[in-house]
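Here come two complexes built around chain A, the first alongside chain B, the second alongside chain C.
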Partner chain A sequence: MKRLRSSLLIAPSAALIFLFIVLPYITVLVMSFRAPAEGQPYGEGFSLEGYTHFFNESYYAMSLPQTMFLGLLTTLVCLVLAYPVALHIAFASKRWRGFLYGIVLSPLLVGIVVRSYGWTILLGNSGVINSTLRNMGLIQKPLPLMYNDFGVVLALAHVFLPFMVLPLLSALQAMDPAITQAARSLGASRFTIFRRVTFPVSMPGVQSGCILVFVLAISSYVTPALVGGMRVKTTTLLVVDALIDQFQWPFGSAMALILAVSAGIVVLIFARLTRMKWT
Partner chain B sequence: MRLATPLLTFIRVSVYVFLLAPIVIVVLASLNAGNFLTFPPQGLSLRWFWTFLQNDVFIDAIIYSAVLALCATAVSLVIGTMAALYFVRHATREAEVVRVGMLLPLILPEILTAIALLFFFYEIGIGTEHQIALFTGHVLMTLPFVFLNVTTSLQGRDESVELAARTLGASRYTAFRRVTLPLIAPGLATGGIFAFIISFDTFGISFILKGAGSAPLPIQLYDYLRFNFTPEAAAVSTVSILLTLVLVTVSDLVFGRE
Partner chain C sequence: MTEVSLLSLVKSYGKSIALKGISLSVGHGEFVSLLGPSGCGKSTTLKCIAGFEDISDGKILFDNTDISRRLPEQRDIGMVFQSYALFPHMTVAQNLAFGLEMRRVPKSEIATRVARAMEMVQLTPYAERFPKALSGGQQQRVALARALVIEPAILLLDEPLANLDAKLRDEMRGFIRDLQKRVGITTIYVTHDQGEAMTMSDRVVVMFDGEIAQAAPPEEVYNHPASERVARFVGNANILDLAVTGKDAAGSDLALPGGGALRVDSPAPWANGRLRVMARPEQIALTDPGAGHLGGEISKRYFSGGHVEYHVDTQCGPLVVLGPTTQTVAEGQTVGLAFDPARLWPIPDPKAAAQ
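What follows is the complex of A and B.
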């Protein structure tokens, strides 16, 4: 009786997640095996055409390594930028910590469209950076900062940087300061302490931050669309194009699942390389 | 070593600038008096805010987004708090399943969830009509944030105060309303603010599931940006940034920091 009453608390959320997450994802899986049709989203019967079409057309197939490359590069840039900041905040005085924390979190409060738009203002051919350089007489032609991999990676790194800082920070803050003091009193240099003590201790944060940023980066739509100006073709852009503009539901679903499985494989390889414990 | 410290400081300061630069630049661009987003700006003016105020498309979109976010937040607050209560107070062996399940909308790629919902609603014959799919998507996106915040604030509380109230004769409902609820109010407030902001800013779900007619602000802004380069978009963005800022500041003043 008591058990029954308490399970009423979880019932609405459980129903919501089951009906609108679990069942819809199964629908995508089934959809990817349906037969394509002209003039309607999908036809009668089942086929593998969605999958074969992807690998036979190099326009689509090549988007996959391109997307993985952008995702990995974004993750690397985020890690390199986030680490010094996380270290700084973790060991800052209490008064400063709140302020710096605010700076790191503030981009999250601004919509992804607005943030991507900010980058187009900065990086465009007549944008802030190019105009400034031209007015200073340093360049004649605008530098190609946007509509290419560079701009997309830079903007993606900005959008997802907080997701790297936060896990790093929680890993670093859980560290006992006595360990570094011990290493120091035993004569280790600061670089040695970082390499042998701090970095290994923060490894769980590095792992979860990297996985989070990678998955978010390869599945993002707005940033590559606005900053890449449809000239950088990621698989996610092609998925939305196939589903919404071309109305090819089986093909779009197959493409989305191929991307999800590839992302899963990359994450697994990464976890194996960094020897993550799966418990 | 002597060289390393200034270098590290330089890197840190650059990262903080990098984080804030695109946001600051949007606000500055909205004050540009010129017809296009040129730099340096052709004088300062508020004319683009005036243009924006007279543009029904954007005003409608802001109102639409605010109403949608309020409704989604209300639903998420109720069922998310119930789930958090269950997770902290009653869940035993199934606790991990509950936690992962509640966080699924956050873990799964938003655009994929949106596509999955689109198919699902078409299969059951509703499609994107009546904004049911869009609303469901927004509730899903906001639910993890309510759950996380309320869970955190429940975990910091001692269950014995509630038990004391029950021993003193309070009904289950009274004990919850008079004891538990005031204790977790800061968590509810933070969760609610988060949920509102997430719903107000989310893109993927709205982009795929929006029906015919009015659309949320991020979608209208995105559509506008694809073909227009006037500072009006910057004015709209600035207003959206200010709304968020006001919301966060007010809640911070009222409920204090956790």
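What follows is the complex of A and C.
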């Protein structure tokens, strides 16, 4: 009786998870093995063509390392930029903390399309930066600031920075301030304390921030599409292209799954490398 | 072993003054407690000694060397915090080794010293555990060992037992005191718990409002408090405001309401011709009604195992008396109270002291 009642309690969430997570995955999985067809989303019977097509065509296959590279680089840039910010906010006075918190979160209030479009205005060949430099006579030809990895990583890092700051901040704030004092009393310099105490103790935050930003970066569509201008081929862009423009559902599904599994492997390796025995 | 001297230590935060000129000297191997309510400046004093707070004025000397301007990492102190402040990502052994690594002690020596320190606090089997897997008392012992393994000049303890439960706290008191005696290190201990300060210290420094109210051995502070406030903060105090009827070189005669008379070895009476004397609850005996120095009625009776606490309404106000459990007196009963004149303590007049 008790069992029945507790299973009734989880029923709504279980139903939601099944309906909107498990079922779509199964649908995508099944779709990825469907046979391709001309003039319609998919044909009769099953085949492995979705997968073989991806790995045989370097145009598609190379998008995977390219996506992972962009994701990892964005994560690294975010970590390097976010850590000092988080550190500063964590040790700021209470009054300042709320204000700085607001500043970090404020970009999330502006839609991702607007923010990415903003970067195209700044980085374009006749954008703000290039035209200013040209007017000052510093350059003759515009600098290649967008439609390349540089622009995409820059914009992605900007868009996802809050997702790195927040976990870092909560990890740093959870830290007992007395432990840095203890380290000092034991004779450690400020740099040594950061290297041997503060940073390692904030690892749970580093870990979740990195995973969050990496997953968001490799699956993002709007920013690479706008700032990369279809010249930076990420797997996500190709998935959307296959599903919507080319109308090839099996191929699109196969690519989506390949991306998801690859991302899962990268995350697992990362989690394994940064495993903490002490938490 | 190091001698610590605080010379007119002042610490101010803008307009508010946390320490108003503290002067204190702690001798070689002495165990001194800073005792006081929260906000009295005891923790600030400790932080100044540790170097976590800059001092506004005055000097801090370790063995006649002025260390006031040194960074905490250059002061050679061992510190134990209320929250233990163990490094959560390091094992017990790594926590202990940290300070030695900072001092560039050779690896082989680190291993032997860490092993010795773990033995000292009886934690050898836990060397490879992380702090999270230890109980509060064990964590506190690690913190103690971590502070002592570097063989610092002085040991500072900031309310180290505040987070432990009562029974463990009593055990740790004895443990810390024994260890301190064995190592012979000069120790400054901050607490708001007067029992802790009494049982552990060679000398208790009572602080109020950023000033030292009294610095003396525990018995002295308890029996001969320097002021009424000290009397009331350290243990339970009955304070009687009595008229002085006569006085000679040896002492003063005091009149009690209801006709009783007392004689105390006394300094000068207070400016208003009266004297305030303190009697601890266990220094007053319950007698038959009519006998003793003062009459009263029992308003409350609390049995607490080892003794019975009586609250007695008298003409001198409510008094607290501790009686033996063999004596049974009920609430509402009239009793007599007998004082021990030799143990009555006339509290010095603050106005006379100021002059």
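The rule is short, and it goes like this: the second predicted complex is superposed on the first by the 258 of 279 C-alpha atoms of A that agree within 3 Å, B and C clash if a C-alpha of one lies under 4 Å from a C-alpha of the other, contacts with A are read in each partner's own complex, and residues count from 1 in each chain.
Keep this in mind: a residue touches a chain if its C-beta (ideal position, glycine included) is under 8 Å from a C-beta of that chain, and two chains touch if they have at least 3 such contacts.
Computed from a predicted structure; not experimentally measured.
With chain A as the common reference, chain B sits beside chain C without any clash. Here chain B and chain C are compared by how many residues of chain A each touches, and B touches more. By the touch criterion stated above, A:Gln181 is placed in contact with chain C alone, chain B being left untouched.
Between the C-alpha centres of chain B and chain C, as viewed from that of chain A after superposition on chain A, lies an angle of 80 degrees, to the nearest 10. In the superposition on chain A, A:Gly137 makes contact with neither chain B nor chain C.
Of the two partner chains, chain C is the only one touched by A:Val201; chain B is not. Of the two partner chains placed around the shared chain by superposition, chain C is the only one that A:Thr192 touches, whereas chain B remains out of contact. By the touch criterion defined above, A:Leu243 reaches chain B but does not reach chain C. Look at A:Tyr221: by the touch rule set out above, it reaches chain B but stays clear of chain C. In the composite built from the two structures, the nearest CA pair linking chain B and chain C is 13 Å apart. Shared interface residues of chain A, touching chain B in one complex and chain C in the other, are 189.
The residues of chain C lying in touch with chain A in their complex are 50-52, 71-75, 77-79, 81-83, 85-90, 98-99, 102-103, 130-132, 143, 146-147, 150, 156.
Remark: chain A residues 6-7, 9-10, 12-14, 16-17, 20-21, 23-25, 27-28, 31, 41, 81-82, 84-85, 88, 98, 100, 103-104, 106-107, 109-115, 117-122, 124, 126-128, 131-132, 135, 155, 158, 161, 189-191, 215-216, 219-222, 225-226, 236, 239-240, 243-244, 249, 252-253, 256, 260 touch chain B in the complex. Chain A makes touch with chain C in their complex at residues 176, 178-179, 181-189, 192, 196-197, 200-201, 203, 276-279. Chain contact summary for the complex, chain B toward chain A: residues 1, 4, 8, 11-12, 15-16, 18-23, 25-26, 29, 37-40, 78-80, 82-83, 85-87, 89-91, 98, 101-102, 104-105, 108-113, 115-120, 122-123, 136-137, 139-140, 143, 147, 197, 200-201, 203-204, 207-208, 217-218, 221-222, 225-226, 233-234, 237, 240-241, 244-245, 248, 257.
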